[in-house]
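Shared between the two complexes below is chain A, which pairs with chain B and chain C, respectively.
Right after this comes the complex of A and B.
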């Protein structure tokens, strides 16, 4: 996988997992000057989520998950994809718009600084808090000697 | 057999109005919101998502509200909604080894790599009604994190948590799970035929009614298809979901999914190579659904009877019996259809019974004992 694709996968992952309100707020000013053409309007559907027997064995179908997807083209000519779990069309649209702009040298650094990095930090903080709560329930069981010969 | 009837439109409309009124309850109590159901009745939402087969907390919470808390009805609503959406694609198989762990326990090893965390569990509660909840006050503040706890900043991809059954596999003491790369069966497209493969079976069990699977799992413990289970490992946490969109050609993360996984270590058998090894069962569900995942693992193992040279004599071991009756939407549908007008059918039964009785009476008159 090329470094470009690895970077793109990273920002797409951050955009998909961001809370919708925060994503829209953070990105609103950053994309105000950009123009987009809608290639595929946001649409809601399902993804069949697969899992593996025994966690590592043969694949099976676990169940569906809602997904909203959207494709746009920026005025730079880059194509952006938004594929986001859930049913938020504004979220998928914004993810697609940002994906298109992040592929341009004009917006890349700016958007990373203003949108991607803050979202990532917020996510890490939330994870950290969760982990800390969970960590308080870590347990060391010990067995008792039963006094038998 | 039932027949179509006409009429009753007004009564039906009025019944729906009355249902809405009863669902709302006394107007002086505040109306419950979908977000409250999602957040505060989270385990009900998890069950509806698992058996309704759609991971979408808001939809499941809405279904629970609409069904006035009848979870089987809510599952039906979610399944019905599911059919209105196009299916875009299938995901890459989720990786439960790389899970953001919220709970992880083992009943087979006291000390295991990665340790045990209890997480939010009803275990060790005394099952005494907590009247402080009746006061509608704020919940007690969670225990402050102890000073010694110091976790590294969370990485987006959590480190792997070693799997208990893999430890046994590595020692050659546990049968392995192998991926031959086969495309899994999808029972929502192709109804299962029997005997069916493991992928169809696991998919059916995930969607299966928790009560039914729990009873079957319990029956194996009581001797109807005994398979000597240990809870090898139970884990709950979030995993990332990835798809590979055709137009991109590389995997992307679309979001996360909370799952509950249970792996049982079951009684050992002698295998084809002459070695004796433990056998295993697998349970997995959406959200936090530990009882369901455990029941599923017990039944998954019971259904492997023939693979391990056991005679399938008990209900839990009979694939067609288990899989064709575990779906509560199908089961509720067929039981509920008894409420449809069977007037003609019943009239013919009634007629028949009367004729038999009349024949018996006249025979009695002819032959006085």
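Right after this comes the complex of A and C.
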């Protein structure tokens, strides 16, 4: 995987998992002077999630989930894709717009600083809080093998 | 990012494709009737009518064979993006064939259905220059009769070639096998299904 793809994968993941309100609030000033053309208007659909037993076994259908997707083109000519769990069209639209802008050198650093990094920090914090809360309920059984290996 | 440019499809995907489907149904059930079809913009070499028909008829479960001048990177990328259809190399594996009349594959190699399942046949989407109900200078004048037509109907098609015309007149596949033909002009559509008898005037 090239660094470019890894970077894009990271910001797409951050944008998709961010809380909608925070994302819209943080990105509002940053995209105010950009123009977008809708290639695929935000639409809600169902995707089938497939999984592998233990990550390596045979593939099976885990279940369906709701997904909202959107594609836009910025006035720089870059195409942005947004795929977001749930039914929030504004979220998918904003994720696509930001994805398009993040591919341009003019906006990349600025947006990373203003939007991606704060969202990433927020995500880390939320994860830590959750981990801490869950950790308090952990029970250690005194057995020789716990079945993790 | 040097990929081919993606382009917007239908403005209202659900309503536009339903209306386009209604027009396609109308021209199929009343062969020779010309209906407007231009809900989408033109796409590279595809006319608005062709791009609308493609978005309406193609989906992830259909296969498409693209031929000749219509087969460009932009067309492939956009049809893949909007419909998710699989583009095949072998015309005999295609559910739909999209080309200009002169660039069609050998028609007898296309799927014509089976006696039990005549519906498992290939539909030809042929992009022509113009459609008219009256004969014009360059147009091939066809006289259609059969189911869906009270007596007979005139259809003038600019951009048909002799091979396709001969296929329509001779109908070498034994009924109910055969190929259905959708004619797509700039912003109009007409159809000649396998039940229609065709004579050249």
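Basically, the second predicted complex is superposed on the first by the 137 of 149 C-alpha atoms of A that agree within 3 Å, B and C clash if a C-alpha of one lies under 4 Å from a C-alpha of the other, contacts with A are read in each partner's own complex, and residues count from 1 in each chain.
Methods note: a contact is a pair of C-beta atoms (placed from the backbone, for glycine too) under 8 Å apart; a residue touches a chain by one contact, two chains touch by 3 or more.
Everything quoted here is computed from the prediction, not taken from an experiment.
J.: When the two structures are superposed on chain A, do chain B and chain C clash or fit side by side?
T.: fit
J.: Touching A:78 in the superposition: chain B (first), chain C (second), both, neither?
T.: Touch status of A:78: second partner only.
J.: Once chain A of both complexes is superposed, is A:37 in touch with chain B (first), chain C (second), both, or neither?
T.: Touch status of A:37: second partner only.
J.: Report for A:134: first if it touches chain B alone, second if chain C alone, otherwise both or neither.
T.: first
J.: A:67 in the overlay: touching chain B, chain C, both, or neither? Say first, second, both or neither.
T.: In the superposition, A:67 touches chain B alone.
J.: In this superposition, which partner touches a larger number of chain A residues, chain B or chain C?
T.: Counting residues of chain A touched by each partner, the higher count goes to B.
J.: May I ask you to decide whether A:48 touches chain B, chain C, both, or neither, giving the answer as first, second, both or neither?
T.: first
J.: Of the two partner chains, chain B (first) and chain C (second), which one does A:103 touch, if any: first, second, both, or neither?
T.: The second partner, chain C, only.
J.: Look across chain B and chain C in the superposition and give the shortest C-alpha distance you find, in Å.
T.: It is 6 Å, taken between the nearest C-alpha atoms.
J.: Using the superposition on A, tell me which residues of chain A are in contact with chain B and, in the other complex, with chain C.
T.: 43, 71
J.: Write out the stretch or stretches of chain A touching chain C in their complex.
T.: So the residues of chain A in touch with chain C come to 37-41, 43, 71, 73, 77-79, 103.
J.: Which of the residues in chain C end up touching chain A in this complex?
T.: Residues in contact with chain A: 1, 3, 6-9, 11, 13, 81-82.
J.: What residues on chain A touch chain B, complex-wise?
T.: Per the touch definition, chain A meets chain B at residues 1, 5, 9, 12-13, 16-17, 43-67, 69, 71, 81, 83-87, 120, 123-124, 127-128, 130-143.
J.: Okay, in this complex, where on chain B does chain A touch?
T.: 49-50, 53-56, 58-59, 82, 85-94, 96-97, 100-103, 110-111, 115-120, 142-143, 145-146, 149, 151, 153-154, 156, 163, 165-166, 176-180, 182-188, 198-200, 202-203, 206-207, 240-241, 243, 245, 247-248, 250-257, 259, 261, 263, 280, 282, 284, 286
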